[in-house]
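Heads up, there are several structures right after this.
Paired with chain B in one complex and with chain C in the other, chain A is shared by the two complexes that follow.
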Partner chain A sequence: MKGMSLKLLGRKDVPTVKLFATLRKAAGEKDFRSDARNVAEVLEEVEKRYGDKVSRYLRNCIILVNGQNAGYLKGKRTKLEEEDEVSIFPPLAGG
Partner chain B sequence: MTEELILELEKVSTEEGGLRVIHLEDVRRLAAKHDLSPLDVEVSSLEAGIVPARYHRNMGTVGIEGQLKLLRACVGVCGLGGLGGHAVEFLARMGVGHLVLADGDRFVESNLNRQALCREIDLGRSKAERARERVLAVNSSLKVTAHQRFLSAEEVPEIFAEAQAVVDALDNVPSRLALQEGCAELGIPMVHGAIAGNAGQVMTVYPGDPGLKALYLAGEERGVEVVEGNPSALPALIAALQVQEVVKIICGGETIRHGFLFLDTSSNIFQFIPLREA
Partner chain C sequence: MKGGNWGKVLKVDLTTGKIETEELPEQHYRDFLGGSGLAAKWFFDHRGWEADPLSPENPLMIMNGPLSGTSYPGVSRLEICARSPLTGIWGEASMGGHFSPQLKRTGYDGIIVLGASEKPVYLYVTDEGAEIRDASHLWGKDTYETEELLKEEVGDKRAQVICIGPAGENLVKYANVMNDRGSTAGRCGMGAVMGYKRLKAVVARGNKKYPVADEAGFKAAREKMSETLKFSMVAEGLHAFGSNVHMEYGMAIGDTPVKNWREAYWAEGPEKLGGTTVAEKILTRTHSCFACPIACKRIVEIKEGPYRMEEGPGSEYEAAAALGTLQRMDSLEANHKANELCNRYGMDVISCGGVIAYATEAFEEGLIKEEDTGGLRLGWNRPDVLLELIRRIAFREGIGDDMAEGVRSMAEKYGGQEFAIHVKGLECPMHDPRALWGMALTYATSIRGACHCADSNLYVDLGLLNHNELGVKRSWPYRAKGKAAQTIASQKKGVIANSAVICQYAWNASGGSLADMAEALRTLTGFGYTVEELAKVGDRIWYLKRAIGNLCGATREDDRLPRRILEPHPEGVTSSLHLALYPQFMSMVPMGKMRVEKVKDTTVNLMKKYLFPNMDKILTSLNKLPMFSLSRKKLQQGDPAERQRRTVAFDEMLEEYYRLRDIDEKGRPSRRRLEELGLQDVAEVLHG
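So, the complex of A and B:
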């Protein structure tokens, strides 16, 4: 268990965070495993991992938890369970 | 349809690829002779099982019944820039009988990289007028109603009153949300498309669906296109998918609903993302 966050103890699996389009390009990777327990912690982790080059887009992103829009759940307070999948998309609005 | 017209249609039709077809020249001649519009002649022809040659390659997918539905349909296109310019072209070639087009903008040089309707000689010209001209150059049988103005939320139901579907080809979130509300008021679906950089998305929104409200929760006016721009081929790609949605709405088929099709050519992603309201 060395190197693993305390929060992971007792959890069989951890959520996967998938980044899309602009976010993927800025991060330089498409996904990562996270020990975040809610959406707010995912966003904090994104900021910590990638800094401003990615976090500057986060305010307006679409965040889906298992395909369900976090905005219709509990927003940033939406809890994450083992094996949950968090997808983060930048908003596209050009025509 | 007069018996005389049917007989003449049968007489001038020829067999091509297993179908009876009629050519544009004959459509025009018979329309003039019987004091009908070319669209009327094409409809009568299809009803008699004779396919206007221009729609020969549509038969394998929509068939005669589908083509009749398209010719009798009215479809709106709101926004005539990157997405709208291509959508108009595809809808005209598909044979949607009546197109209602709206955009208050004029062409500027930065449109040249991706807006199919914009040629160098069009700089400064009205996008709505140019779109009308293009539709009629491609398919002169169609009816085109072009509005050279930006629509307010209140105007949407009036402008698209006859439409069975409206293509959302706008470039900002508040206008898109207003269009969705207007379409819901009319009880018709809206086919959303948006682009930014190498990514794009498509979703068909029926009245009562959360639709764009599930996509643009932050209420920002623009997306990442502000930093990513819009490369040349993306509008055509997304507009093509939007027109395929329109065809399914009119002719029948499973639309991209309760979620959006997201694509990103830089990562080779082409994926349906479900959107469920809690």
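So, the complex of A and C:
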């Protein structure tokens, strides 16, 4: 698995980070497994993995942890459990 | 007129063949802007509510606004208004495309069509005036063919055509009006009004330069908007994936309805039908409406298979959901074919999808039987049946004749009111109020019935807009508190968008600033609009339309939502009530934001960690947990307190809304409020 850190090897299940819409397009990847312990670490990791090309999308992004808006949980301090799913959406709307 | 408008409309009587120009007072433009606002004013002044929707007297109003067709970004829009044959109340539909700039350049702000022709006709409008021409040879043609043939016939490829297809000719109550193949004035059955009048199409071609009050000022306002859009991530998403970019997020938060609104989560749905999948699989290019820098339209091609389609407009979000997830259908190709059929026949995809989903459930429930459908077995994820039903509706064949009347009429005949999802007779668009509580008020109080375009609540609840400049705070997506004030502010802006007239995507993607809008309109029209005056204009138009609704017979009783879309989901993954274990937490979480399997895992982890640290083996499977199963079963049968907590607090929000809007017990705006807005004539008619 691309970019998997050593810490991951010792863990059975780790959170999955899913990228959507223009963020996915900029990153060139749909999802990745992460050893992040909270949302802040996920964001750091995304920025580290993909560099400047994704930074602007992360500024006002919407983050769901298992379908719940992290903003209504503990924001960036929201802790992640094994098998959690973190979905990151750039600001978007349609309809 | 100093700018933006011409000060006159074209009035055509199809019964007598008389064509005349009607000048409108300047004050009407200042007070009601244009578009659907000015149309409502004309409709009221001419007592339009007294006409039956399908009668020669019902005026069909095809209106530009001051911004329409100018060089400001996102102003391709045109408003088509009349009393709706689907709902019986005020109807309006907005369309993009390329018609409005051509109409603008003919020197008219709109066309008001009265009467009804004996034979099919079309209207040809140019700088020189208008002409009623025979359209017998076009009757029966679909909208794509009609547009092409008419451009050839008038010998000018730059001429623009709005037209109806077979659905409009056959008076399908939710027939639409089409332009540019993929742009539609979709809702409320404006195509049926045209069909009744035997008006197949309107062709416009103009060369006049519209007046601008302050050229330099308007140019600066335009450049500011263009610059903002250039850096808008919402605009970028719309450009990259179309309006259907919403489906992935919509499904994640439970906003996108599944299986006739029975379920709120279908993981495979967006993977099969979403905007990113379209871009990967069938997109050939993007397309834009007139002078739009976003270009959210999708052009697709399906090269082979049973749903092959030539290169043409693809599904937008509403079509992808209404003719996709709502039918729980997972074929991208069939969804696009269904969208193409609706476009060609000239039918609103939202209403059409809503009617078919209702019929499928009614068939499942045994209310509609095989003898009613002529042997067709309705069911979920049955693309061929979906396509066949679309055809039957458009031509009113067999069960299609009943389905062409809309979901309210269907439920009256076959039963199943509880799953006939409409408000005031208009089928609900594809946003679930259980995920975004603001949409409950939006649907219930929208003038034309269930509508997501009459205000900007969707964008506000999604966290993309605020109403700070109106002194209104954004409320939590799933809290009653503050929703009424938020909705009223959203409606002011929505009304202005549909009267100015501007695309809501473009305006909202740029931040939806009323100050920017006031600046654009001030420099364009020369009227000294401020944010405060514009907000008052928004109110004035809204109250006028509300009064028209009352005059058409609407009362408080009509501001209701089907229970199904207010109550927690009875089935699907969001139905399980594990979060009842955490009531405080639950009150913060909207229905759609739950992912039961994940919550289950978290719950088990917590129990393992704190309550039963030594019972790891026993807790490996939830099914072996009697207490958990018991709890689950009990809650699934319905825990009143828990259900209450998770039910959209609709009545509370609505009462607050009535109080703030000053709506009386009959659902009418108070005399005092109407008079404050300068609507004494309306107060006189409404209150005597």
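The working rule: the second predicted complex is superposed on the first by the 81 of 95 C-alpha atoms of A that agree within 3 Å, B and C clash if a C-alpha of one lies under 4 Å from a C-alpha of the other, contacts with A are read in each partner's own complex, and residues count from 1 in each chain.
Everything that follows uses one rule, which is that contacts are C-beta pairs under 8 Å (C-beta built on N, C-alpha and C of every residue); 3 or more make two chains touch, one makes a residue touch a chain.
For clarity, every value in this text was computed on a predicted model and none was experimentally measured.
Novice: Mind checking the superposed model to see whether chain B and chain C fit together on chain A or clash?
Specialist: Aligned on chain A, chain C clashes with chain B.
Novice: Should A:G94 be classified as contacting the first partner (chain B), the second (chain C), both, or neither?
Specialist: Both partners.
Novice: Applying the touch criterion given at the start, work out whether A:E83 contacts chain B, chain C, both or neither, answering first, second, both or neither.
Specialist: second
Novice: Applying the touch criterion given at the start, work out whether A:F32 contacts chain B, chain C, both or neither, answering first, second, both or neither.
Specialist: Neither chain B nor chain C is touched by A:F32.
Novice: According to the stated criteria, A:T22 is in contact with first (chain B), second (chain C), both, or neither; which is it?
Specialist: Both chain B and chain C are touched by A:T22.
Novice: Considering only touches as defined above, state whether A:Y72 meets chain B (first), chain C (second), both or neither.
Specialist: both
Novice: Among 112-120, 364-372 or 436-444, indicate the stretch of chain C whose C-alpha atoms run into chain B.
Specialist: Stretch 436-444 of chain C has C-alpha atoms clashing with chain B.
Novice: Using the superposition described at the top, list the residues of chain A that contact chain B and also contact chain C.
Specialist: Common interface on chain A, chain B vs chain C: 20-22, 24-25, 57, 60, 62, 64, 67-69, 71-72, 87, 89-95.
Novice: Taking the complex as given, what residues does chain B use to touch chain A?
Specialist: Its residues touching chain A are 79, 81-84, 169-173, 176, 193-201, 210, 214-218, 220-225, 227-228, 230, 235, 259, 262, 264, 266-267, 269, 273-278.
Novice: With touch defined as at the start, can you tell me which chain A residues reach chain B in the complex?
Specialist: Spelled out, the residues of chain A in touch with chain B are 20-22, 24-25, 30, 57, 59-60, 62, 64, 67-69, 71-73, 87, 89-95.
Novice: With touch defined as at the start, can you tell me which chain C residues reach chain A in the complex?
Specialist: Residues in contact with chain A: 233-234, 236-238, 240-250, 252-254, 265, 275-276, 296, 316-318, 429-431, 452, 458-459, 462-464, 476, 505, 508-509, 588-589, 592-595, 598-599, 601-602, 605.
Novice: Mind listing the chain A positions that touch chain C in their complex?
Specialist: 20-22, 24-25, 56-57, 60, 62, 64, 66-69, 71-72, 81-85, 87, 89-95
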